[in-house]
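A, B, C and D label the chains in the order they appear, each numbered from 1.
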Amino acid sequence: MSAPLRFGLIGTGRIGQVHATNIAGSPDAVLAWICDPFIEGAQSTSERLGGRVTTDSAEVFASGDVDAVVVASPTPTHIDLIAAAIDAGIPVLCEKPIDLDIARVERLRDKASTSGVPIALGFNRRFDPHFAELRRRVVAGEIGELEQLSIISRDPTPPPADYIPLSGGIFRDMTIHDFDMARFFVPEIVAVTAHGSNLFSEGIKEGGDYDTAVVTLRGSRGELISITNSRHSAYGYDQRLEAFGSKGLLQVGNVGETLVTRWGSDEVEARAPYLDFFLQRYADAYRDELAAFIELVRGGERRSPGFDDGRAALILADAATASAASGDTVTVDLG
Amino acid sequence: MSAPLRFGLIGTGRIGQVHATNIAGSPDAVLAWICDPFIEGAQSTSERLGGRVTTDSAEVFASGDVDAVVVASPTPTHIDLIAAAIDAGIPVLCEKPIDLDIARVERLRDKASTSGVPIALGFNRRFDPHFAELRRRVVAGEIGELEQLSIISRDPTPPPADYIPLSGGIFRDMTIHDFDMARFFVPEIVAVTAHGSNLFSEGIKEGGDYDTAVVTLRGSRGELISITNSRHSAYGYDQRLEAFGSKGLLQVGNVGETLVTRWGSDEVEARAPYLDFFLQRYADAYRDELAAFIELVRGGERRSPGFDDGRAALILADAATASAASGDTVTVDLG
Amino acid sequence: MSAPLRFGLIGTGRIGQVHATNIAGSPDAVLAWICDPFIEGAQSTSERLGGRVTTDSAEVFASGDVDAVVVASPTPTHIDLIAAAIDAGIPVLCEKPIDLDIARVERLRDKASTSGVPIALGFNRRFDPHFAELRRRVVAGEIGELEQLSIISRDPTPPPADYIPLSGGIFRDMTIHDFDMARFFVPEIVAVTAHGSNLFSEGIKEGGDYDTAVVTLRGSRGELISITNSRHSAYGYDQRLEAFGSKGLLQVGNVGETLVTRWGSDEVEARAPYLDFFLQRYADAYRDELAAFIELVRGGERRSPGFDDGRAALILADAATASAASGDTVTVDLG
Amino acid sequence: MSAPLRFGLIGTGRIGQVHATNIAGSPDAVLAWICDPFIEGAQSTSERLGGRVTTDSAEVFASGDVDAVVVASPTPTHIDLIAAAIDAGIPVLCEKPIDLDIARVERLRDKASTSGVPIALGFNRRFDPHFAELRRRVVAGEIGELEQLSIISRDPTPPPADYIPLSGGIFRDMTIHDFDMARFFVPEIVAVTAHGSNLFSEGIKEGGDYDTAVVTLRGSRGELISITNSRHSAYGYDQRLEAFGSKGLLQVGNVGETLVTRWGSDEVEARAPYLDFFLQRYADAYRDELAAFIELVRGGERRSPGFDDGRAALILADAATASAASGDTVTVDLG
């Protein structure tokens, strides 16, 4: 059995905490370094789970005792940290998105692809056991040729109003997960048509963004993919997937906390609302995302989405943003 | 195509109305005579659906223009009306039970079996499309050998308190349907163990009956059958069936009015309560019961339960009554 | 109680037979006249259900003993038959579509709206008990403001190849039902974006049509409506509806023949495939469609979609056809 | 925060491994000692998870560095190990059953109740999140007064034939879990009626045991509880619970690995078979069972079933064994 990988974690916010816990809980990983410019975050994480702390990510890369890094810092820092990891020859798992500016992504692309350093992007939903099993069965041919894919993705509640202007817009911030999910099934997307609407949130409207969206993607074989988004959902986190093909359909519905159903005089077969928080809904996915990254670092088969998947999702988000503004279909070339 | 059968209907209460409507609506039947000692019931039915009226059932049997009768009059009249139908050589569909007194049933048995006159008993649930399909698949061997059968049967609300002393008790009045359903799958029952309880209805208790019951039947091959009864159900008519065998299980759940489900902030996947009334729940069953009887009269394959099925259900109900009182298992011989 | 309406039926094909049976089975209607240029169709229907026969629809309109007509003849005859009904002052229930040519529809519009003769269009799905109940609950405010609507509509098998060139294309032939369903919830549609694809049928491709489609509609308040279509479905007729609003979601899934589920060693909770034929799936809807039309003729509240609903659906179909060809969103004015 | 409890584990078989893993994975526990007469089992567990090893349980009790013990050794050793724990003043979590001989259990009862040493019995199903949530809602009054309880419990496959004679019979070996589940809801059981049958396993029959059973329990308020057992189940582990009361019903169905459903040309809405192994089905329950025991040891509220719960389940199992043999209801006094 190999020695556990020594991880450096950069960023100790909400997602950083998830990664810290999963690293500490994995038999194949140890939390060696924790970096955050707010040193208190790094320190409290270290107290809970161990690891040396620093405010300077360069110290992590230069330490000599880190086998892999997880980047969970704010989006604008991602691209430089990926570059630094490549320069240091240290495999990196970076949260999505790579960046909000495709030009900056394109500038790093060659280096990323030629360096040989394993890069994984944090599209955690690929690792959700339900979605992953559905895809395995599609790949196994269970529904014949895939013809249509439906992705429903609604957040329980909108983000704070002051986050909206920094978010890059709903397509780059929220739909980007769905773009990657679409590409999990249909990697080659050729056209994007998007519709946005303002139906319930004044704050989002004032921030210049949509609170509701519908996107249609076309795959290179003519597959049609529908994405339905909303920034709110009264009944909890709405995360559904449906793959339709010549031989049938595979479906994943929403996840509840327990299987208890109630039959009363008002309604029957009623369940408690769905899991309300993405960290709860995707807890298993984050764990397997880390496991897949560790396999990748150790030279195993790549299950992790990579730099080009992050780039593709951003291209689709940009195209959706343009399409929603113009009303026209935007063709894309992900090659 | 044969001429429609000319029906005489005896009894125009709630169930009589169901049969009247189904006879009038069938292309294979006409409502020729309607009999009720309360002539107003017969007359109003006739105004709605046609047919001659009388207060005297003998007139129906003697009329010479009746091909079949449906007996929907009160239970104490059933056995004499079946006998009269046999004497007149007229096929009869009689509502359950044949009688509450097994001795009277036994006295008619020979005549019923040797007469050659088609007799059908109104165990309508055999004709419910869901239960009938489940049985077809059991008979087709889909679950291998049948090992266990679970019947859940709960009424929405108890009958009026003054009906209880006339009902013959829960086992003869309510469970009798479940005994027949059990025999639909396992005709040869050899032992009965029953438990009654008084949990919610003072009126039923004062009437000397149980409001809640559980019965276990044993088939001749050792099959174990569980019946669960209650005289009330907050969520509507609870009528479920589950057949378990060596290769799997077949299940029928409850029937709702529509497929609409609601996902709200309090609960999700909630449906409106189940159909609340047996005439609504079993509307299709009553229609097919009549169709099966018409086939029988016309010499087709027998799908209808017969006199001996009515007798067997009553024997089981008597055994259950005795078992619930004594706490002991009662063996039965239905041969 | 009113006398039954005397119906003239024009057209005795597949849909004509449905209407004939429902008219004959309704206590509020009689089948007085049956018209078909293929007189054998009219005659065999008359033998089964009664009514005088003719090859000439003018004879029906002139007969003086017809209170209402149902038009179930081929699409190109619809508009002239509606006009004839208006001229004769006879209420008409006409199968969809009014015509494939919007110009012809527009020419009849004034006459249709000013004549005062009740006109109903055969958008039967509005009368499906599941969809109708879902809408009642949306209208009652159960999900708050409607924000998104998802309509999935897949046919079990494609039509014959030689029908394709006559069909007007998938949007005018198949999606037209979904356009009307969209307008059942959001009458004022302002923009249409459509995508077609050829994924499985060479015959449809050669006929110049799509076998697969996705359409997005925008309502005047910004509501986003998604329609998903396919000309085939391995698991039976796929007809689903989902309404999403600020307070939750209401959903209708597919309809099976019975509630039986199977739990086996390979799979569990498996049901038989869905109803495979639209006449079976929508049998209740056709009956209520007729009942609503009879109410309309008798001066009751209008529940039936009318001429302008038929016109609106065709405008949306035309817009979808144009949008699918150009890739651009097409704005529409249904006023 | 308290120091982690130092655990001694006695027995390193299948269940012992579960406890070992959970102890090692808990932030509130450390695996201090591992005892097994087959020292290899103890050693390999220690290599994996740490802890000192011994073949002699007395060494564990005398070590002075153990705060609690888990007894996962064969049933005949349980009672002496509980007694030893009491003597040593060390809290003990013991796997079910306490013993197969009620006389031996009764002899320890006084000592167990007066010692003040926390004793917990391994009725893990009380800690299943689904069943526990159902009970919380029953206790909260959601269904009004509890009137009926249905427990379905079927194992995927029978135990090896040579285990049967040692098992104590199906009621003491398998149904004992269901007896405890019944008492989780209705602690005071007053009567037991049981039925056993031999339907599929020659080995079980030759071992003098039943492969199929149905049990009815009566609570002191007249509640009726139905237990349905089978030693095989083609579709996986069948573990269902249904509580019925005056205001409605709460239900828990079976647990699958993922939510994927398949809609094909043969069947629709089909899921993969249920979890097939009790360690997988009840993995969460074993973890929470340990957590509850740790709370108990630390002086928190008792959530763990205790010695008297183990005794009560055995009394019910004995009564069921007698009832199945005699056909009579057996009254019990659990006081």
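By our rule, contacts are C-beta pairs under 8 Å (C-beta built on N, C-alpha and C of every residue); 3 or more make two chains touch, one makes a residue touch a chain.
Computed from a predicted structure; not experimentally measured.
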Greatest separation from chain A - chain, by CA centre: B
Contact-richer chain pair (by C-beta pairs counted) among A-C and B-C: A-C
Centre-to-centre distance between chain C and chain B (centres being mean Cα positions), rounded to whole Å: 40
Separation of chain C from chain D, taking each centre as the mean of its C-alpha atoms, in whole Å: 58
Two or more partner chains touched - positions in chain C: 234-235, 247-249, 261-265
In the complex with chain C, residue positions of chain D that touch it: 234-236, 254, 256, 261-274
Chain B partner contacts - residues on chain C that touch it in the complex: 25, 129-130, 133-134, 137, 142, 247-253, 255, 257-265
Complex contact set, residues of chain D against chain B: 144-145, 147-148, 150, 152, 154, 191, 193, 195, 197-200, 212-214, 216, 218, 221-224, 226, 228, 230, 232, 234-235, 238, 244, 246-249, 327-329
